[in-house]
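For reference, chains read A, B, C and D in written order, and residue numbers begin at 1 within each chain.
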Amino acid sequence: ARLQQRFDERIDAGEFIEAKGWMPEHYRRTLVRQISQHAHSEIVGMLPEGNWIGRAPTLKRKAILLAKVQDEGGHGLYLYAAAETLGTSRDQLLEALHSGQAKYSSIFNYPTLTWADMGTIGWLVDGAAIMNQVPICRCSYAPYARAMVRICREESFHQRQGYEALLTMMQQGSDAQRAMVQDAVNRWWWPSIMMFGPPDDQSPNSAQSMRWGIKRVSNDELRQKFIDAAVEQAQVLGVTLPDPALRWNAEREHWDHGPIDWSEFKRVLAGDGPCNRERLAARVQAWAEGAWVREAALAHARKQAPKEEVA
Amino acid sequence: ARLQQRFDERIDAGEFIEAKGWMPEHYRRTLVRQISQHAHSEIVGMLPEGNWIGRAPTLKRKAILLAKVQDEGGHGLYLYAAAETLGTSRDQLLEALHSGQAKYSSIFNYPTLTWADMGTIGWLVDGAAIMNQVPICRCSYAPYARAMVRICREESFHQRQGYEALLTMMQQGSDAQRAMVQDAVNRWWWPSIMMFGPPDDQSPNSAQSMRWGIKRVSNDELRQKFIDAAVEQAQVLGVTLPDPALRWNAEREHWDHGPIDWSEFKRVLAGDGPCNRERLAARVQAWAEGAWVREAALAHARKQAPKEEVA
Amino acid sequence: MTQSIELRRDPAVQYLLRIADTTLILAQRLGEWCGHAPILEEDIALTNMALDLVGQSRALLTRAGELEGRGHDEDQLAFLRDERDYFNLTLVELPRGDFAFTVLRNLFVAGWARLLWERLCDSGDIEVAAIAGKAVKEVRYHQQHAIDWVVRLADGTDESRHRIEAALAQAWRYTPELFESDAVDEHARQAGLGPRRADLREPWLAEMAAVFAEAGLALPATGGYTSTGSRGVHSEHMGYLLAEMQYLQRAYPGGAW
Amino acid sequence: MTQSIELRRDPAVQYLLRIADTTLILAQRLGEWCGHAPILEEDIALTNMALDLVGQSRALLTRAGELEGRGHDEDQLAFLRDERDYFNLTLVELPRGDFAFTVLRNLFVAGWARLLWERLCDSGDIEVAAIAGKAVKEVRYHQQHAIDWVVRLADGTDESRHRIEAALAQAWRYTPELFESDAVDEHARQAGLGPRRADLREPWLAEMAAVFAEAGLALPATGGYTSTGSRGVHSEHMGYLLAEMQYLQRAYPGGAW
């Protein structure tokens, strides 16, 4: 109880919690869940983008895409490391992913069908991710906050590159290419604005997370901020966002948007999206097919250890 | 000895030997070897052609290619059946193929690199095969001879289709397509004329086979006949055959050709062709991966058998 | 510059393309078995089916091109559309899979196609009716082949049963699309061109129930997912399939083959 | 009509394309691991190598285009050639294989490339020398990564040893091509552009022998087969790779990306 009080005081004072400090079990569990979910999203997110490495239309774009997926792998590494400071190993976290217990961002259950999806994911999906993540740079748990600072910096770079790729196609491309961009935006818009999670009045865990300083800004607030930015960017780009109800509300000084189909969100979250099975199956397969490699590395390390002691 | 004499008389009289008739062991073994080698060639030959089914440039060509590989599968079936009349099962024959004991036509150890290879295989490879096979329609072993009659009819159809495909590309196609045809002819010419086997003076088994009426015409004779026909066809087509020594010999009334690189032939036959390993590996893999299907079919048949007796 | 052809948006054309593309893409997948089947008889059977399906597709593509009225022939339609303009069922574009998946998919698609072709025999479009008259005979054989194998594998060994069940779990979730009806289907029914897909649902389910009963397999529950290939929104597999299928036409534009 | 570009036949151009294509096609294969590697660190390492290789290829393609003198840029050279005009080593176009095959191929190619880049640092073509200066550092890391894994797998478990041996049996037969020299190599040496491939043979074999000794693996005998990708005659795998890699450039000719 003393510890709990001390913890609460630190949180209230806006201080950071370090790995070695005491923390309530629920706080720890909430963080492990959130950080690992974020880590899983990075590595599952490599799949839809990896899908286009072999087909990138220019070498410059191929290089940019390779660098991006490599960054995402790196983000996965930092985040697993941050989660490990809370006492759960990467293998345990992966086990939870593979068994379907742990979640990853539902956005990656949508397929990447054209090259324009690469740019659109950069613009909208990474854009939404950044909106979500920037506040976490001030998260009360310091190792997570530190990882997020670095991740956010790289993500904004990816977002700009994605947007720039779309701009090139829209401004210098053919009609067919512009249609490809518009099609991609049509498919990714709604899933992107669902990335902020359910409306505030239906988001049960938010209050406690806000209280603990894990979450800093509400879902709806972030969503609005994202939409306001995206509408302007869409205009510059010359694409239409697939929401006929989008209009400027001079009173609120925000863009009003149409109703979000939350049943679709729940359906995909529950496993009935276009790619849920394939994404998870791909990860499970990679892990299973790589088992012999990991075992060999371990066996080799074990054989080396005594030799090195002798040397 | 009585039987042997009777057999020799039948052979000398040009009569056919039937499955139930007596035959010398060496005659039987020679036939099993030759028929199974021919059967294996049909099914291994499905691989280089199957390689282009998915990429056939028009639906008509896709249909023709599908029909052709289907015919080849059918030829495999007749030939395995003919070999089975000599007391060796298809499974035994396949076992010999998979273990590397049995051979198949060395021509299929070359890769099919462009669409023009499909036409060229039809024209040259099937053309050479027909030259080799027509005499076998008069082979002393009747079940083999009967199979060959049907096979030869279908093969000439394939040859005409192959030639016609090349003619279309040469006469109506672009420069790039004509170059594609020429390239394919350059790659397949020498392997095709090697299909008739070593020169007569280096063909050790030929004499006995001729004596038995399994073989009817010598290697060099067939090769010359093939070359004479191909030179004319090449002229109509508008392609050059890659042999600068090809010239008409008015005295012999045949086309003289340059020296054949038999070391290449032996090398490929010995396993060092471009695709030997891949062809055999593909067959072995298909067989291994299909094991559970064959077992299931067998298990089902066994369960059904008693039921049917009851009914 | 031979880029992709531009397809005229017309419900009758799209209705026929859905069928033509479904048979074409399934043929593409079945053709992958050539030389790799578990027994030689199946190499032959599967390439034979692919051949039938290509034939059906050619006839329907030609008819669709006529109705479209832009002079597109079977090859321009088969090879020069953008992915969004292919309208096959998503189920047929999924990778070849193992033999269990192949025969199970054939069971689903052949059963569906047979019901469809039977009704198309009475199409108000006499060309379509003539195509259907031939196709229905072919697809009956495809369906019987698939039924035989599904029953055999379900009854065979532990492994074969396990595999057919795994195939079922994977393929079943793509079946709702077979019976989804939209404005294109409505138009076809009202114009007398052919049935709505929804009209095939009950008889198909009844036939499947019979096969599953014989095979001792449980019909899976239907989930909440409906694939969208027939509306032109495909799976990630489609792009690879098209890249391969279209390659020569793309790399040698305007060539004569 | 954007068909394939027509390449000017020039030994210096072909010499550079052999290297540029080898790095490009290997990058293509390594990129296939993205999201599918045995551990996350390897996802990162393999995509990182692919990135290095693409960078090397871009620089060399650009230089080759300049020497060719027809105004072809890196993308036209990378995406719009016919298969016969790609000059990569056959080894790099073989399918991805398992992790053992991947690291063993990397060992062979990185060892070869390091020796080559070292010599190209002294190229009479100062652009090439500059490219080599950067590449040699990258490829040293690739080589060390490959050596570490080959030793680890050879020493690890029965399965890993079995797999590395199987990979060796498969890959070794494509190595003679790494050291075959022809008129193109001769020209490069005489022009001071770079070494003949044959000149790399002895040091490469010595390095491999050292790695194999550490790994306890036997160097296989060299067979009678020499692959011919560097002369533009490829394996059956190349066509599929190119169909995928070139698809967008072929389907959207003249697009801006």
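Just so we're on the same page, a residue touches a chain if its C-beta (ideal position, glycine included) is under 8 Å from a C-beta of that chain, and two chains touch if they have at least 3 such contacts.
Just so we're clear, the structure is a prediction, and the values are computed from it rather than from any experiment.
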| In whole angstrom, how far does the Cα centroid of subunit A sit from the Cα centroid of subunit D? | 34
| field | subunit C-subunit D separation of Cα centroids, rounded to whole Å | value | 40
| query | Where in subunit A do residues touch two or more other chains at once? | reply | 55, 174, 176
| Going by the touch rule set out above, which residues of subunit D reach two or more other chains? | 3-4, 82, 239, 243-244, 247, 252, 254
| request: Determine the shape of the graph in which chains are vertices and touching pairs are edges (line, ring, star, complete, other). | output: other
| Hey, which chains are touching each other here? | A-C, A-D, B-C, B-D, C-D
| query | Okay, in this complex, where on subunit D does subunit A touch? | reply | 24, 27-28, 31-32, 34-44, 47-48, 50-51, 54-55, 57-58, 61, 74-75, 78-79, 98-99, 151-153, 155-157, 159-160, 163, 244-245, 247-249, 252, 254-257
| query | Given the complex with subunit A, which residues does subunit C contribute to the contact? | reply | 3-4, 82-84, 170, 173, 223-225, 227, 233-236, 238-239, 243
| field | subunit D partner contacts - residues on subunit B that touch it in the complex | value | 48, 51, 55, 111-114, 174, 176, 183, 187, 267, 270-275, 277-278
| Hey, which residues of subunit B end up touching subunit C in the complex? | 43, 46-47, 49-50, 53-63, 66-67, 69-70, 73-74, 76-77, 80, 115, 165, 168-169, 171-174, 176-177, 282-283, 285-287, 289-300, 303
| note | Within the complex, subunit D is touched by subunit C residues 1-4, 82, 239-240, 242-244, 246-247, 250-254
